[in-house]
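Listed next: structures, encoded as structure tokens.
The two complexes that follow have chain A in common; it is paired with chain B in the first and with chain C in the second.
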Partner chain A sequence: MDSNFEALGAALPRILDGVWITLQLTVGGALLAMLIAVTLGLLARQENILVRGFARAIIEFFRGTSLVVQLFWFFFVLPQLGVELDAMFVGILALGLNYGAYAAEVVRGSINSVPQGQWEATTALSMTSAQRMRRVIFPQAWALMIPSLSNLLIHLLKGTAIVSFITMADLTFRVDQLRIDTDTFFAYTVGLIIYFVLAYILTLVMNMLEVQAKHRLGRGESLREALSLRSPDTGVDAGEGARS
Partner chain B sequence: MAAPNGAVPAIEFRDVQKRFGDTVVLDGLNFTVAKGDRVTLIGPSGSGKTTILRLVMTLEDLTDGYIFIDGEPLTHAEVDGERVELKPKHKTEIRKRIGMVFQQFNLFPNMTVIENIIEAPVHVLGMSKEDAIEKARGLLDQVGLADKEDAHPLELSGGQQQRVAIARALAMDPEILLLDEVTSALDPEIVGEVLGILKDVAESTDITMLIVTHEMQFARDVSNRILMFDGGRIVEEGTPEEFFTNPKEQRTRDFLQAVVADPITGALPWQPAPGASGTPAAPATPTTPSTTSTTTQDGDPL
Partner chain C sequence: MNDIWNWELAWEALPTLLVGFFTVTLLVTVVSTAIAAILGLVIAIARRSAPKPIAAVIRFVIDFIRMTPIVVQLLFAYYAFTNIDPLTIGIAVFGIHYSTYMAEVYRAGIESVPKGQWEATTALSMSRRRTWVAVIIPQAVRATVPALGNYAISMFKDTPFLLSIGVVEMVQAGLVFGGNHFKYIEAITLAGIIFLLASYPTSLLICRLEKRLAFRN
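Entry: the complex of A and B
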């Protein structure tokens, strides 16, 4: 067992490199997914049937095809068509498109669940549809969509593991390597723990975003209050903040 | 229906038809509201009162006919005998003259009270932020909420939220103000303070008002014309005086009896109770007496 930990110590810099690649893919993929989600989510609500149809087609296509196959297609088929892409770029692109298509439905659904009265109030104040979305509807929809987005983000993190198929030395790849110097049980257990810790950190970050978004709507404490250790009812506050 | 003195009316409905699917709510409705008029629409639930206000605010599309605001077509115009829809930009321009206060307040929860009020003046009318804030503070003062400018809407009571909503509508300097049962969602003891504020607005401005309410005392105090609706048609119209003291139509009498009659004596608030020898009925009626409105409007009953 000791030799396992020695081997782990020796492999640590490489494992951290792997974590770094996994994080880059996760954050890059999430940012691209969000951009795509908001764009498609808004387009899928348009009255114009062509615009709406276009958005729906993209959403359905990327939700309905396997992430692995999309990844292989971008990485192995595109070069044959003369388009050579960097592996990191391909990874982020495939993750962004796939999870963006899922998140687009979340964005669209949350926007539609902002109460009718809010839309009507913007009309009564003669706001343009862009002003209405940007200043009134989206900020409220944002608070509604965070829990689902948070879920998708964890899926995305786990989904990054498949990039090891396209020659990237991400966390999964490094854990696989660790197996050579240790054993299968040890290496994959280390892998599980690191993925779990990453997922937990992402969950905490998303929870903070949710506390902040709700506070902006006048519901619940501010992020500062939620994190504060000095507030009189500290125990309750910290617990609530971490759970909600 | 020509407006008095041949002046251009603030609002004109011409042969307006509104259907929801197969349900015809308004069928060939014609009426005008002169500038500065305070017109109250009364009538049983489902008679189309809300629909009328929503059509003026362009929250619904009319299925046929025309609405004119200051003589200008709102959503559709007649061009060479054809009814054509006007550009959204045109609607938006005309809409700026119209404000509305809703039954459910509809304040924006993602903004503070003062942000709610300055939002449209700054971003729609292009007013400077400083000017908008100054104006908003004046309006908050007028509605008795000067100390609440940084509060979140959800921290306020229903009555306070509705007062902010009134301030928000007034901040746009509307020529026409639409009020749809603005006190129906409020606790009875709060109703008076909100109506008191609206009475002040009516007295201190020349805004044209189109009001839907079940508060008959308020209708009587504020409006100069009352239209009784039933089934999407005007059953009777007149001044509050004519209307409440001597309603002509049986339908109107039945309605007034149902909404405002004293539950014990059966008397209308402005009529002596039957059998009560000449003494006017006590103001203990389902409607809030106007005296309460003025004393409690700043939340400080002396």
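Entry: the complex of A and C
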């Protein structure tokens, strides 16, 4: 067992390099996915059937054709068509397009779930459609979509493990290397724990975003209140609960 | 145009892809979905009936499996059980991974069964077994069918992950074909189209089923 930890210690810098690559892919993929999701989500709600049809086709195409196929298409096919792309760029592109298509449905659904009265109020205030979306509808939809986006972000993090197929030295690749010097069980347990911790941190960040988004809408406590160690002042109810 | 897309090569690649599709991709999807559907239910029931500390352990294990990549789990199982053939390992890992998702769906289904139903089984002094089999499960499971279908589609599109443990499913078959012919576009594009042709109609079907179930309730 000691030799396992010695090997882990020796491999630590390389494993951290792998974590760094995985994080770059996750964050880069998530940012691209969000950009695509908001664009396609808004286009998919347009009344113009051509615009809507275009957005729907893109969404269904990238949802339906499997992440690995997309990754391989960008990595193996594009160079043969004369387009050479960096592996990191290919990874971010495939992850961003695939999860962006899934997230576009979340964005669309959340915008549609903002209560009708809010839309009517913006008309009553004669806001332009851009003002309406930016100042009234989207902030509310944002609070609604965070839980689903949080799930997708975890999926995206897990999805990054496939970039080892396109020669990238991500965390999965480094764990596979570690296995040579340690026993299988040890190496993969370490790998799974690192992924789990990363996923857990991402979930916490998303929960913080949700608290913040709700606070901005005047619901719930602020992020600072939520993070403070003292038990939050919840008024009479908590006192009664403590007494009973 | 001809040097970008070669129809003859595409025609030649198709049988290879379809063999991979039917012997691995579809097989894994169907068998693993069945495993996930049954194991998920077992987990959901265990979590509800087990004493609190055990339920907490089950919850942690489920979260752990759910929040870590299936590729790493595949590799782990592949190297840990060298005596079992990779396809079987793939089926088991996919089944177990997705059962953790299904367990959550069933949990919500079980919680949606009205409290009165539980009370009625007590009033009729039904055994625990009969309570679950005759009363709770039939009501809890019906609404979960669309979710099961969606996870089956999601698993279907995840099957190329199997190439990490050397199982030649459709995409890997396409990759090998492309490598042999020094041309990837036909085989990989076709693989994508086959995925789309299989998953899109299925998802429309599930959407309709969902609406029908919602309407009946």
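Heads up, the rule we're going with is that the second predicted complex is superposed on the first by the 229 of 244 C-alpha atoms of A that agree within 3 Å, B and C clash if a C-alpha of one lies under 4 Å from a C-alpha of the other, contacts with A are read in each partner's own complex, and residues count from 1 in each chain.
Here is the rule we use: contacts are C-beta pairs under 8 Å (C-beta built on N, C-alpha and C of every residue); 3 or more make two chains touch, one makes a residue touch a chain.
Here the structure is a predicted model, which means the values were calculated and not measured.
Once the two complexes are laid over each other on the shared chain, residue contacts for A:P139 go to chain B alone; chain C is not touched.
By the touch criterion defined above, A:G218 reaches chain B but does not reach chain C.
Residue by residue along chain A, chain B and chain C are tallied for touches, and C comes out ahead. When the shared chain is aligned, no partner comes close enough to touch A:F89: not chain B, not chain C.
Of the two partner chains, neither chain B nor chain C is touched by A:W20. After overlaying the two complexes on the shared chain, residue contacts for A:W73 are found with chain C alone; chain B is out of touch. Once the two complexes are overlaid on the shared chain, A:D176 sits against chain C while remaining clear of chain B. Using the contact criterion defined above for the overlaid structures, shared-chain residue A:Q131 touches chain B, although it does not reach chain C. In the superposition on chain A, contact is made by A:Q118 with chain B only, not with chain C. In the superposition on the C-alpha atoms of chain A, no part of chain A is touched by chain B in one complex and by chain C in the other. On the chain A side of its complex with chain B, the touching residues are 117-118, 120-121, 123-128, 131, 135-136, 139-140, 216-219. Per the touch definition, chain A reaches chain C in the complex via residues 60-61, 64-70, 72-73, 76-77, 80-81, 154, 157-162, 164-165, 172, 175-176, 179, 184-185, 188, 191-192, 195-196, 199-200, 203.
The touching residues of chain B, when paired with chain A in their complex, are 57-59, 92, 95-96, 98-100, 102, 104, 106-110, 119-120, 123-124, 152-155, 168-169, 172. Interface residues of chain C facing chain A in the complex, by the touch rule stated above, are 4, 64, 67-73, 75-76, 79-80, 157-158, 160-161, 163-164, 171, 175, 178, 183-185, 188-189, 191-193, 195-196, 199-200, 203.
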